[in-house]
Amino acid sequence: MRIGVLTGGGDCPGLNAVIRAVVRKGTKVYGNEFLGFRDGWRGPLENATMPLGVEQVRGILPRGGTILGSSRTNPYATDDGGQRIRDNLAELGVDALIAIGGEDTLGAAAKLHSEGLPVVGVPKTIDNDLGATDYTFGFDTAVNIATEAIDRLHTTAESHHRTVVVEVMGRHAGWIALHSGLAGGANVILTPERPFDLDQVCEYIEERFRSQYSPIVVVAEGAVPAQAHEVTQTDRLDSFGHVRLGGIGQWLADSIEQRTGKEARAVVLGHIQRGGTPTAYDRVLATRFGLHAVDAVHDKDWGQMVALRGTDIVRVPLAEATAKIKTVPAARYAEAEVFFG
Amino acid sequence: MRIGVLTGGGDCPGLNAVIRAVVRKGTKVYGNEFLGFRDGWRGPLENATMPLGVEQVRGILPRGGTILGSSRTNPYATDDGGQRIRDNLAELGVDALIAIGGEDTLGAAAKLHSEGLPVVGVPKTIDNDLGATDYTFGFDTAVNIATEAIDRLHTTAESHHRTVVVEVMGRHAGWIALHSGLAGGANVILTPERPFDLDQVCEYIEERFRSQYSPIVVVAEGAVPAQAHEVTQTDRLDSFGHVRLGGIGQWLADSIEQRTGKEARAVVLGHIQRGGTPTAYDRVLATRFGLHAVDAVHDKDWGQMVALRGTDIVRVPLAEATAKIKTVPAARYAEAEVFFG
Amino acid sequence: MRIGVLTGGGDCPGLNAVIRAVVRKGTKVYGNEFLGFRDGWRGPLENATMPLGVEQVRGILPRGGTILGSSRTNPYATDDGGQRIRDNLAELGVDALIAIGGEDTLGAAAKLHSEGLPVVGVPKTIDNDLGATDYTFGFDTAVNIATEAIDRLHTTAESHHRTVVVEVMGRHAGWIALHSGLAGGANVILTPERPFDLDQVCEYIEERFRSQYSPIVVVAEGAVPAQAHEVTQTDRLDSFGHVRLGGIGQWLADSIEQRTGKEARAVVLGHIQRGGTPTAYDRVLATRFGLHAVDAVHDKDWGQMVALRGTDIVRVPLAEATAKIKTVPAARYAEAEVFFG
Amino acid sequence: MRIGVLTGGGDCPGLNAVIRAVVRKGTKVYGNEFLGFRDGWRGPLENATMPLGVEQVRGILPRGGTILGSSRTNPYATDDGGQRIRDNLAELGVDALIAIGGEDTLGAAAKLHSEGLPVVGVPKTIDNDLGATDYTFGFDTAVNIATEAIDRLHTTAESHHRTVVVEVMGRHAGWIALHSGLAGGANVILTPERPFDLDQVCEYIEERFRSQYSPIVVVAEGAVPAQAHEVTQTDRLDSFGHVRLGGIGQWLADSIEQRTGKEARAVVLGHIQRGGTPTAYDRVLATRFGLHAVDAVHDKDWGQMVALRGTDIVRVPLAEATAKIKTVPAARYAEAEVFFG
């Protein structure tokens, strides 16, 4: 069997580990051949391919990013996208496709499958917000990087008696904020699931200052104040009319400094959370996902996605898997609240 | 309520995170008071205590080890151990005990509970070999440290065209070897669950050398050769009568060098796997265990242990929890075998 | 002898290592007593003190920040600042002062010394821009943190075929940019010493893209374009009037994206460069500075600062030490230029 | 000009950074061509070569080991070694040789130069024991790895009230022990330069235990007891006749446990100190060495070696450079002794 592999969406530590596991097991155990598609759905749409065999996957296990490249190309952006992909795969002699990606990539895979394409999915979201799986690879790496940053920022906060606001990834779900905030000993954690009250945040901060220590606030990039109108143009400009707003982290630091009268600084971790070598946890999970994905192809179990449940890798229908986002439940947030202030 | 806390057995990254979570939640949410017992069961046996409040647990979240100290003291080593502990707790006004430890510590806790002591357990084993929980804290840290070491050793192996044998922890279960071997891209992984065939190991090594790369063998300290008689006194001494055996890692390196005629070196990771700051995963898991343990105390759910199932923290009877060891199942080992050679 | 110790200016990994070495050697070898002054010059100005002995410095060697706290308080902001400090020291029975800080802190120390205060200085600048010493502690830590971030960003840049701009510290000198750019394999390094030509930067970027790899630009926060008028209000606002400017890093990413027509992203490392545990290099250098500073006090060699020359710790007059900033010489920048493009 | 490059001796983080800098600058600035020789002197002796150009050195900066391979082959082991190398270089059209290595590799280079070979050297020793240069690359990485291990071991020592002995590299010079011991806060540091007194070591250990903390002993692999006869066969075997000796670290732990009556454990760091990604310091130093080595070739300054003096890269005669080993001076050891006990 000849199997195509592609990676779509934002990059994520562990993608290469999936690719390697797919190719190593497919080649050795099932005698498959592989073809790499470049840059997500752009690959099969435009016949952008690369060789993919045991030689190509040597040494990539510890490397971040994806040797296949990635993009956010949507195959259904043009009417004939699905047809072109089917035609191209037929022409290239590709019998099946393994699509590694997030909501968008797997959504397209589900649609292609419903149109008859033999496809198997591997879930990827650094934000850990896919409902069908306990965890996704990349998340653990992002949480560790954020936690190390928070560890470092504690000492600088305390030496200067200032608040440090750390903005982490998480547009729609606060998992990275929750886990890195818990692991880093944050004094406030703000997530997109729950609009925050700035007065309450400042109370936690004052409480922390009274303990002789300095506050760390971890905020997901998608968090918003309960009083959304508070983010006004006035907040965005200082008294000299200079620009002061980057994102929610900077806005929060400015607002806290203004209300508490004590220095506050923002640090926006950004892309360092998603690059570089994966943690052991992510390497193992990504490797297992890859092994089980190629098993699903062998079983011709099309339209399925691999997923983690407890310590087992299971299969779930692609359509179901991308149906809804997994947000932080109230009970999990309440666990963290014990440490606020 | 006045709650005693103790940590027993080998140290493990995350112990302090448990203690901190117990004290922070108990104090803030339930109004509990806490008393620290020193050095595991020695504490309540000998009335060795230390103050334990919010002040004592500040800043300990990222620190390895345990501020309470640990020991392998067995309260039932003397006939009256159980009675002395009950008397001492009564005298100190301690209403309940949270025991954090592995098989031995929790086994004693189960026995004390059966004799009427109000006790709640928190599982701790760096080897991840307790059956009642998906994972234990400390394991992820150990696996990451071993994986980083393996990453480093790959380049040294290849520069010198030699085999490197890495001995990791795991006396009775091969979880650390399995996960770090998978994550580190090992060419052979040897675990206690499955006696290994030295000839087969050497075949994998030769296969690897043919690929122009150099082999890494990850071996759990408890792994044994299928032909146990092979570890003879002769192997232990070289032709000058000099000592050459440290443990299974050194024996394996010597045996591989002898059989393949190519240089082999052993690295024994030892205690660096169990010391130092916990990973984010372990800090979160340990913190959640602590929070749920103090909830169990509040519920007077004596004789229970907290455990991880999927992403949930649940309670399981102490007696059941320590009943049998969790070893690496054949299916999990087979996943890794795909990468051998 | 009773010796006061203070730390001033921005925090820096290694400050605690200096304090520990001063106290350990002074106590053990010279029989000194110590008094900690809080928050830089605010301490002696306002009699804000804390106990400082062997107990207080236990365990602080690997910790970032400063247990004494810091501030940018200038003792000469009020006319009688110098006199108040001398009076307070006399009242507290403090015979000598060790001032650990950068240009401002040591400038004040030099002035106080010229007015008769027995003071010894320890240089501290994370930017490595003090002329009198080969290196200062904190710099190596900052360079390592920036290098690790660059390592991580390479894979994300390549997976998405985009430029990543990394903004590092360095307002007046480009040492962190130079060293982390060299160590991280940056394709362009921009420093404050040399205004950059945006067209040239974009040429290097296009050259890099032609090689199938993706460009990393490392820019010091104080770097400026040769055509300074290019940073106009128009650049700061996008076509919707939304704010887009954070600092030079964001401006550069926006400008590169506009000119090359290819995605570019900025990452601003900020305070994570100056917090957290010091590298071994910084711990050793800071420790040696502390040991030699207390020797200088013992020798009553007032008005001197310790400094690194080759592998030796020497003494230089405070006045001379703070006279001029050490910038990146053209020859060192030229070394890095070999790797541009 | 066509330049051969080889790496000899034990591997060392930074070797690839040297190779990359040599090739990048030689190609871009001087228009040189390069040829890689495999496995140290074996390459030119046996005409074992590999292509070496800008493509081959892409991405190797952060990688440990050496893409050229290494060996301890001595070209003068056979009478005609020098002649064969000269013949082979002539046949391959190689005009000059850059030899990267330690005492042995550079010693051979010096001899070949004296016989007329146009050769330039780059010093490499992880032990930092070459007299002609302030530092060599690889050393900083080794010290950081050892320091991180010591950081981790502190908590495990304290939790169990035991002594931990950490054996680090350093057969003839104690630089790694000195620096990692200072940086890690060791309570005793033992180096090859100064035979140690076991009674004195045990006194420091007892002193440390009295402070409620636990001792860490850092010992270089080449350290020896002052009473050498103390290492007897009896010490090597326990009362059951079981083997107990690995190296000095294990012997020391056993001896300490026996004398103090308190548990002691040994950790032997071994090869993890020399593998893996170099620190930023080592990458910068190695890169600068490479740049300056190719300059020396361009200048036809044969028989020279690059070296670090302060912050400058200079050239020194190969013959002189390898003349004597650089050991830890008494004054540097005395700095560390302040922290013993």
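Per-chain residue numbering starts at 1, and chain names A, B, C and D are given in the order in which the chains are listed.
Operating definition for what follows: contacts are C-beta pairs under 8 Å (C-beta built on N, C-alpha and C of every residue); 3 or more make two chains touch, one makes a residue touch a chain.
Molecules present, by chain and UniProt name: A, B, C, D = Pyrophosphate--fructose 6-phosphate 1-phosphotransferase.
Because the structure is predicted, anything quoted here is derived from the model rather than measured.
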Chains touching both chain C and chain D: none
Most remote chain, CA-based centroid, reference being chain B: C
Cα-centroid distance, chain B relative to chain C, in whole angstrom: 40
Inter-chain centre distance, chain B versus chain D - centres from mean C-alpha coordinates, in Å: 33
Set of chain D residues in contact with two or more other chains: 151, 277
Which pairs of chains touch, using the document's own definition: A-B, A-C, B-D, C-D
Residues of chain B that touch chain D when the two form their complex: 7, 10-11, 15, 39, 63-66, 69-71, 145, 148-149, 151-161, 164, 236, 243, 245-246, 250, 265-272, 274-277
Chain A-facing residues of chain B, complex: 21, 24-25, 28-29, 58, 61-62, 134-135, 140, 143-144, 146-147, 151, 179-180, 182-185, 211, 213, 277, 279-281, 283-284, 287-288, 291, 309-311, 335, 338-339
